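In the two assemblies presented below, chain A is common to both, partnered first by chain B and then by chain C.
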Partner chain A sequence: MFVVIIGCGRLGSRLAIEASKGGMNVVVVDKNKRAFDLLTAEFSGFQVVGDASNQEVLRSAKISDADIVAAVTDNDNVNLMVAQAAKHLFGVGKVLARVTDPLKAEIYAQLGLKVLCPATVAADAIGAEMLK
Partner chain B sequence: MRYREYIRRKYLTIVGHVGTLLLGVALFLLLSLAALIQFPEELPHAPWFVVPALITAVIGAVFRLAGRSAGKMTLSLADGGIIVLLSWTLAMVLSALPFFLSGLLNYRNALFESVSGWTTTGLSVLNVETTPNIFLLWRSLMQFGGGAGLAIVMLSAIVGPHARGLYQAEGRTEQLLPNVKHSANVIIRIYVCYTALGAILYVVGGMSLFDAVNHSLCALSTGGFSTRVASIGYYDSPFVEVTTVVLMFLGATNFATHYVLLHGNHRAFFRNGEVRLAATLAIFFIPVILVAVALPLYSVEKALRVSLFEPVSALTTTGYTTVSYADWSDFGIACLLVLMLIGGGICSTAGGIKQYRVFLLLKSLAWEAKRYISPATAVHEHYIWRGESKFYVDSDHLKESGAYFFLYLCTYAIGVLILLACGYSLRDSLFEFASALGTVGLSVGITAPNAPALMLWTEMAGMFLGRLEFFVIIYSLISAARDIGSSLTSA
Partner chain C sequence: MRVIIVGGEELVYFLGRLLISGGHSVSVISKNPEDCSEIVRQIKALVICGDGADPRRLEEAQAMRADAVIAVTPRDADNLAVCQIAKHRFEVPRTVALINDPDNETLFKDLGVTLVFNQTRMISSLIQQELSIEDIVNLLPIKEGKVIATEVRIRETHACAGKTLVEMALPKDTLLSVIIRGDSVIIPRGDTKLLADDTAVLISTPQAQGAALRKLTGE
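Take a look at the complex of A and B:
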């Protein structure tokens, strides 16, 4: 299983560590080299420094070989663009995109992308906890 | 108090991992019993392997149980270094047991043989003519295991969350795939396939099956133990020599480069700095040795063979020979010396300073010159090709290589001085210690069972430092000492 993760913030780094521990091949992309400091020794994948909205950067991360692409930067527009490129240009089977704004999530979902909104996910979890 | 608890748990985890590695060593010890299939008459020697295997397995199991009590913990790169250091030391001591228990060698020589085996050096204090075959197979197996790296062998079988620390601590800086476990797996697969191929070629070349297996195990691991006194020279066959040259080159090539090549990416292969450096060195040194050394000594055909075989054996830090160096000129010895110091590729089974570092430092000279003649405001991007992609070199990376180079030469100088103090000539000391430190195994004949104890210990230290690349040992010792210190003061 080969996973490409775009964005190595708090969410991306955690995702990368978990996937790496789970025995997957992982490549993380971030435009800021310092972002990789969040990765612990448990992460054993590759790091690519570069702007993911540039297709060359995506290519150097071998995105066309990926089984899963997770676009989880803090920029909704970048996530959407990368997700679309991954799905339509590089033919990746499973593409996940993070969207911060729940209103945008609707629109993105209509484009046929698997969209996850942290705010909605957290609201659901907290709501479930309250009703328990 | 909390800090002490943390350190206690950390070391229990470390011990647990060492235990797992030792269980693997026990398995390796039992593997040498395979020699009994072909030589059933050597059954009386079996206990010398079964008993050490049991001892190793018991220690390993106890360590593992101790480690389990620590629970889950994340280890850093430095902790990986301690694991590697501890398990290599224990593996070497325990692997000396068969030689010692059987009374074949005294404890010092047994340890020497074991260190020489695991570090893939190939210097030997054993008389291979009178040694039972089962011990010869054990020596070859040690080199095979040492070549791949103890941790790599284990990593491909088990995956721990601390995998990357182990991987890098054993001197692997390049990964083949974006996951350590998969990288280790691919390394082992490439390694085993080449070994099998080598054994088949040797059999075709006229070797007995036992000799073929042994030589293939030791050639690919760039170890250089032979089952014959005259080493590869015994067979006096061009086919065997060419096979060995190919195997040695394969063993000394970076596994990441193999991976690129096996995937059919020829451009990336020829762009690689190490490949270029190795090719340049071969193109330069083979004719030089042919003209200056070999032609005056041997017949034309023999000279051609010798001048192909010996430089490759030195550069790849294997240590197989086809001739004695006693009648070689000082110039010829010096040529081999330079090649031994440079050594093989990084992330390969070879030793030495490593072609990568030499290439990088040579390249930095060119960069420096370019910077000097460029305008003051010019911006340069310094990169080299690594695997399939460009690697941008920053000054920290260069500094590290420079420091390694310096440390290597310092250690070399100290070792040579000690050998000189033991009473050997400058020529012999320079050659023999370069051979030990670079884990080569070529010898001018002064490494012998009755050599002074000081010299054998010095060579053992050289081999150990050379295989584990200094820094791991130094950093781990420092960090272990600090942990001990702080746990004492916080008591």
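Take a look at the complex of A and C:
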């Protein structure tokens, strides 16, 4: 399995470490070199420094070879553009985008994109816990 | 037409002014509060301060009644989101986006943006044209560059000087539409002669442009 993770913040770095521990080949992309400081020694993949909204950067991350792309930067619009590029332009089979705005997430989900909205996910989990 | 423009100060101001003078009604969504108050001062438009890719701001700008949404922020990802949300949430029939990364042109079109302006390519092709032959100036691309208007300054040394249009036999997909001679404007016919110091306006496809220019200049 080859995974490309866009954004190496708290979520991206954790995803990268978990995927790496799970035996996947991982490339992490972030425009800020210092973001990679969040990666621990357990991470055995590659790092690409660059703005993922630039297709040249996606190509240098070998995105067209990826089985999974997770776009999890702190910018909804960048995540949505990268996810759609991965799906429509680079033919990636499984694509996920993190979208913090629930309304925006709903619109893109209707367009057939796999979106994860942290607020909705957390509300569902907390709600389920409360109703237990 | 009701038009919503999303973006920053300069471009929004000029675009807004142009559209308003053309009789269109304009709303603007802009992030920076200083830009917003400047736009309010300069043009007669509804100005909303906020993120144009936020569906709530588009709703405030009456996107459901808009005929077109134009996204001209400096960030391609924002422009794409604005256009997609306008189209899919508010069923805006025409969406226009400015792009900086030329690679994004295909993606934006595949994703349903009606019109994509590739500013990097437009500027670089203009510069190249200016640098290559100074007698030839690309005036404007029409229909996203599928048709182009080219201005050619005719010199004595050019192959076409003193010839009629029929004698010149310009290639297919080209039309010599106007000749400017001094102060007069001539719509040429087959028997019209081109003279030195004329300015000719050529309409052509990009593919046929080179061959037509070689016929005219003889270079």
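To be clear about the criterion, the second predicted complex is superposed on the first by the 132 of 132 C-alpha atoms of A that agree within 3 Å, B and C clash if a C-alpha of one lies under 4 Å from a C-alpha of the other, contacts with A are read in each partner's own complex, and residues count from 1 in each chain.
One rule holds for everything that comes next: a contact is a pair of C-beta atoms (placed from the backbone, for glycine too) under 8 Å apart; a residue touches a chain by one contact, two chains touch by 3 or more.
Fair warning: this is a prediction, and the values are worked out from it, not measured in the lab.
Once chain A is used to superpose the two complexes, chain B occupies space next to chain C without a clash.
Contacts of A:56 after superposition on the shared chain: chain C is touched, whereas chain B is not. Using the contact criterion defined above for the overlaid structures, shared-chain residue A:110 touches chain C, although it does not reach chain B. Shared-chain residue A:76: touches chain C; no touch with chain B. In the superposition on chain A, contact of A:100 is made with neither chain B nor chain C. Set against each other, chain B and chain C differ in how many residues of chain A they touch, and the higher count belongs to C.
Closest contact between chain B and chain C, by C-alpha atoms in the overlaid model: 20 Å.
The contact surfaces that chain B and chain C form on chain A in the two complexes do not overlap at any residue. Those residues of chain A lying in contact with chain B across their complex are 2, 20-21, 23-27, 40-46, 60. Contacts from chain C toward chain A in the complex involve residues 53-56, 75-78, 80-81, 84-85, 88-89, 101, 103-104, 106-107, 110-111. Chain B meets chain A in the complex at residues 74-77, 80, 159, 161-165, 167, 175, 177-182, 389.
Against chain C, in their complex, chain A makes its touches with residues 53-56, 75-78, 80-82, 84-85, 88-89, 101, 103-104, 107-108, 110-111.
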